[in-house]
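Please go over the structures that come below.
The two complexes that follow have chain A in common; it is paired with chain B in the first and with chain C in the second.
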Partner chain A sequence: MVARQEIRAILKEKTFLLLLVIFIGMTLASTYIGWSSAHTIQSVYDSTVSLLVEQGKAVPPPPFEGASHLSLLKNMVIYVVLIGALLAITIGHLMGIRDRKAGVTRLIFSRNITKRQFLLGKVMAILCVLGSMLAAALMVSTVSSALLSGITFTDVMRIAGFYGFALVYLAGFAFLGLSFALTRKTSTLALLVPLIIWLAITFVLPELTSALSPTASLNPTLPQTDVLQSPVLSAIHTAVYPISISEQFKVVTENILLVPFNPAITRSFDYPFWLGYVIVPLWTIACLAGSYITIGKFNQSQGELNE
Partner chain B sequence: MNNALTIARKEFRDILRSRLLLIMLLFLAAVTVTSILVSSQVFQSQVSQYNESLQILKELGKTPAGPAPELFPLNLLRGVIDYIEIIGAVLGILLGYLTISREKNSKTLNLILTRPVSRLEIVTGKVLGNGAFVALTLLGVGIFSYLGLLVIGGAALNPVELLKLGLVLLLSFAYIMIFFSLTFLLSLSMKTISHALIIAFVIWLAIALILPQISDTMDPDNQVPGGFFASMHLTKPEEKQVMTNFGNYETIRNTIEQLSLTKHYERASFAILGIKTEFNAMPLADILSSHWVNLLAVFGLFAASLYACGALMSRRRKGYVLYLDT
Partner chain C sequence: MVNILTTLLEPTSGKATVAGCDVVKDSIGVRQQIGYLPESVQLYGGLTVNENLEYFARLSGIHKPQRRIAEVLDFLHVSYGDKKVSALSKGMRQRIGIAQAIVHQPRILFLDEPTSGLDPFGVKELRDIILKLNREFGMTIFMNTHLLSEVMQTCSRIGVLSHGQLIYTDTLANTLKRFPGEESLEQIYLKIEGNGNNGQ
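Coming up: the complex of A and B.
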């Protein structure tokens, strides 16, 4: 009942719909951008080869050899980390704050409903909304990839696997938004704290672990960095890399989409690529546990916001 | 003007009391130090790599082909500029939102308007109060950067470098205040104020992250780690010769980049700080004149956004709807 009500309410939210349109629009654009840049780089390579042959120089092999046609979707990995995570925080925030702003928490809990049922309803609604959103993105990516490069059934399964894993990653951010929306005294603070955590996960941790400048981590092809030469950076990398959630997400999804392994970062200690398959779900479980603890402490008689 | 200063003082006090902004400030300080630490470690590792190569060459009786890595201290601030692009803009958005939401939630804006205070004085006061806070924050970033470079990077800035740092902070002030004005305008003109905040974030997402991301991804040189042209062993003139065949593609890519205010800010800042290495040897006046378009874009938009704030407030009597209540 709670979940149904939440889904109905979020579909009426203009802000959510705006972010959803942007996300789906960028999903469509990402395939085209991927196709266009792959097409151009091939032509640039051909021109380079002509020039080198003209000069009688040796021609190096194409550096992007072996890339699968699913590489067209590599931008989507970045859009999930950027737009998808913001959208997830917004969904969790809106679902947590709406009842408090409307001043109906006391009324809800005067009915035959426990706090845990209330949370379960919200969690189900979050998963349902995120799942539908990613299912729509899956359809857009599959159709656009099929039109631009031709794909097999296995490719479709890989795209589905990518969006499935994205659901796990994004659910963590949505639960984070929900937890703060249920506890903070002002709605601004409730939105800002998850946003700062998102900024730290997306930009600060990759800088610490891989010496990447914040904007460089927006590019699906990372610039070359070498943390091995600096004992300090190497030690930080070894300690922080396992909890660098966005990097773990990128490694796993690039593996799912068969984007060639990016050997840009030289490390003193290579963690196995499958680490992300464990860390990302753990992150989501930790955020869900946070929501569970939050709802346990939630005071239904004082939980309303008077803004 | 006295009224405007009173409002400015009150704004400034309110901001200082807010825990929210304390969190933002601490975060900005932490990322500034982190960024300088990482950059200086990267530089030190380049120096040690060079020294090792030099030692090997000496043992082989050869002379090094390339010059030794030279430290330009301001280059270590690249990450700081990146963070101002992202987090500074968020700070501007929050200030713009809070300055109106405080008034709307407590319904004091209508009360102020019943007093002999003009609408322009209210806007001026709010811009001055918030502007003072942004300036103070950037001064903090400047001090953290200076001390970070001195303590972590082991480099003291000379007067010209200090001037360059000051200019970049001034540019950063204009950049952050554009986001402040944008959210101020949205918060005043939208019926549900929380929607104004989220729409401001959507605009920020597009300007600061999506457009630069698209143009970077479209850059052929960015398709390969370490650069496509470097992997093909092409010189700069040869690279230009190849790219002459892709004029239209480059025009589209450049246009996308030009649409982003953040890219204008970044281009100008990177040039002034010498993060683009070709500008290290150039006099400051030449750097500024070569980037006048980027400077004009940032300062021009800053002036236009301030004008729009004043115009929106004073046009209410001419039929423009302002939602003064939540």
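Coming up: the complex of A and C.
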């Protein structure tokens, strides 16, 4: 019942609807942008090859040799990390804060509902909304990829795998938003704290991992050898990489979508590529556990916001 | 006290039972038998009256609440079921507050300062509803209020709380008999409160 009520309510929230439209719009745009970039690079390559053949010079290998059709969706990985996570926090926040803002928590908990059942309802609503949103994105990506480059059944399964993993990743952010929405005394603080955590995960931690490989970050071509780094930077890499959740997500999903790795980024770490398959679900479980602890401490008689 | 009896707050010491159910050990048992109207009635402003009532009815385990909601609204003479709660006046919201509290037909109804913020007309309307609920449906009403005139016109049994202690409890009729020299309930209250504070 709580889940149904939450889903009905969130569909009336303007902030959520706006972010949803942006997310779906970017999903559509990502395929086109990927296709457009690939098309441009291929055209330049074709012209160059013609010129080189005329001059009798050696022809370099094609730029997308061995690359999957799905590499067109590479931008989606970034959109999930940026706008998707923001949307997930918003969903969790709105679902957690709504009853407190309306001042109905005392009415709710004077009914036949325990705090655990209340939380379960919220979690189900979050998963349902996120799942529907990602299912819509899956359809958009599949159709647009099929139209622009042609895809196989295996490709569709890979896209589904990508969005499935994105659901796990985003659910963590939604639970984070929910936890703070249930505990903070003001709605501003309840939104600000998860946003700061999102900023740290999305922008700060990557600065301490992949962005510490300046050559790899600046040079779009794949280096043939490992880039040498200072021991200090390597030590920071090694320490921060396992907890750099957004990086783990990128590595896993690029692997699912068969986007070629940049060896300068990935090979320099002492960790296997599958680490993200463990770290990201752990992150989500930790956030869910946080919500569970939070609801246990929730004061039913003084649950309303102080604003 | 109301927070403890409605299971919203666990007592730090002592024991309380409502309708035979312990408020700590069987809080769900208590909740199944009570209705609650907080001092300041808050509902989902963005939802209509019907949507609010449907939600709270379902939370109380009523799977198809439409008919029951119609009955309750009819009983309370509410004709604005399709209006959003945010568009209602304080008095109208108070009625909807009562509707949500009785929609699941509780045995006991807890009213926390129910007349707070109401105009005299609203106070009279509410008093009539309370009396009707008790007389027609046999519902026990637990009401806490600072308006002793309301107590006089509504209650059959009273209790006096002073500094967290229940210092007096009896029927209203017995109380009036016990203090024959006092002109009003206010004077009786002051006497009880004075005795209580003096440790008598």
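Here is the rule we use: the second predicted complex is superposed on the first by the 266 of 307 C-alpha atoms of A that agree within 3 Å, B and C clash if a C-alpha of one lies under 4 Å from a C-alpha of the other, contacts with A are read in each partner's own complex, and residues count from 1 in each chain.
The criterion applied here is as follows: a contact is a pair of C-beta atoms (placed from the backbone, for glycine too) under 8 Å apart; a residue touches a chain by one contact, two chains touch by 3 or more.
A quick note: this is a predicted structure, and the numbers were derived from the prediction, not measured.
A.B. asks: Which of the two partners, first being chain B and second being chain C, lies in contact with A:Leu11: first, second, both, or neither?
C.D. replies: A:Leu11: touches no partner chain.
A.B. asks: Could you look at A:Val21 and tell me whether it touches chain B, chain C, both or neither (first, second, both, neither)?
C.D. replies: In the superposition, A:Val21 touches no partner, neither chain B nor chain C.
A.B. asks: Looking at the overlay, does A:Glu207 come into contact with chain B only (first), chain C only (second), both, or neither?
C.D. replies: first
A.B. asks: With both complexes overlaid on chain A, does A:Ser43 touch chain B (first), chain C (second), both or neither?
C.D. replies: In the superposition, A:Ser43 contacts chain B only.
A.B. asks: Which partner does A:Ala289 contact after superposing on A: first (chain B), second (chain C), both, neither?
C.D. replies: In the superposed model, A:Ala289 contacts neither chain B nor chain C.
A.B. asks: Contacts for A:Ala102 in the overlay, against chain B (first) and chain C (second): which applies, first, second, both or neither?
C.D. replies: second
A.B. asks: Who touches more of chain A, chain B or chain C?
C.D. replies: Counting contacted residues of chain A, the larger count belongs to B.
A.B. asks: So in the superposed three-chain picture, is A:Met157 touching just chain B, just chain C, both, or none of them (first/second/both/neither)?
C.D. replies: In the superposition, A:Met157 touches no partner, neither chain B nor chain C.
A.B. asks: Which chain A residues are contacted by chain C in one complex and by chain B in the other?
C.D. replies: No residue sits in both footprints.
A.B. asks: Once bound in the complex, which stretches of chain B touch chain A?
C.D. replies: Residues 19-20, 23-24, 27, 31, 34-35, 37-38, 41-42, 44-46, 48-49, 78-79, 82-83, 85-87, 90, 94, 97-98, 101, 105, 194-195, 197-199, 201-202, 205-206, 209-210, 212-214, 216-218, 220, 222-229, 231-234, 238, 241-243, 245-246, 249, 266, 326.
A.B. asks: Chain C touches which residues of chain A in the complex?
C.D. replies: Spelled out, the residues of chain A in touch with chain C are 1-2, 5, 9, 12, 98, 102-104, 106-114, 300-301, 304.
A.B. asks: In the complex, go through chain A and note every residue touching chain B.
C.D. replies: Touch list, chain A to chain B: 14-15, 18-19, 22, 26, 29, 33, 36-37, 40-41, 43-45, 47-48, 51-52, 57, 60, 63-64, 75, 78, 82-83, 86, 90, 186-189, 191-193, 195-196, 199-200, 203-204, 207-208, 211, 213-215, 218-226, 229-230, 232-233, 262-264, 307.
A.B. asks: Across the complex, what residues on chain C touch chain A?
C.D. replies: 3, 6-9, 28, 31-32, 34-36, 38, 40, 42-47, 55-56, 58-61, 100, 110
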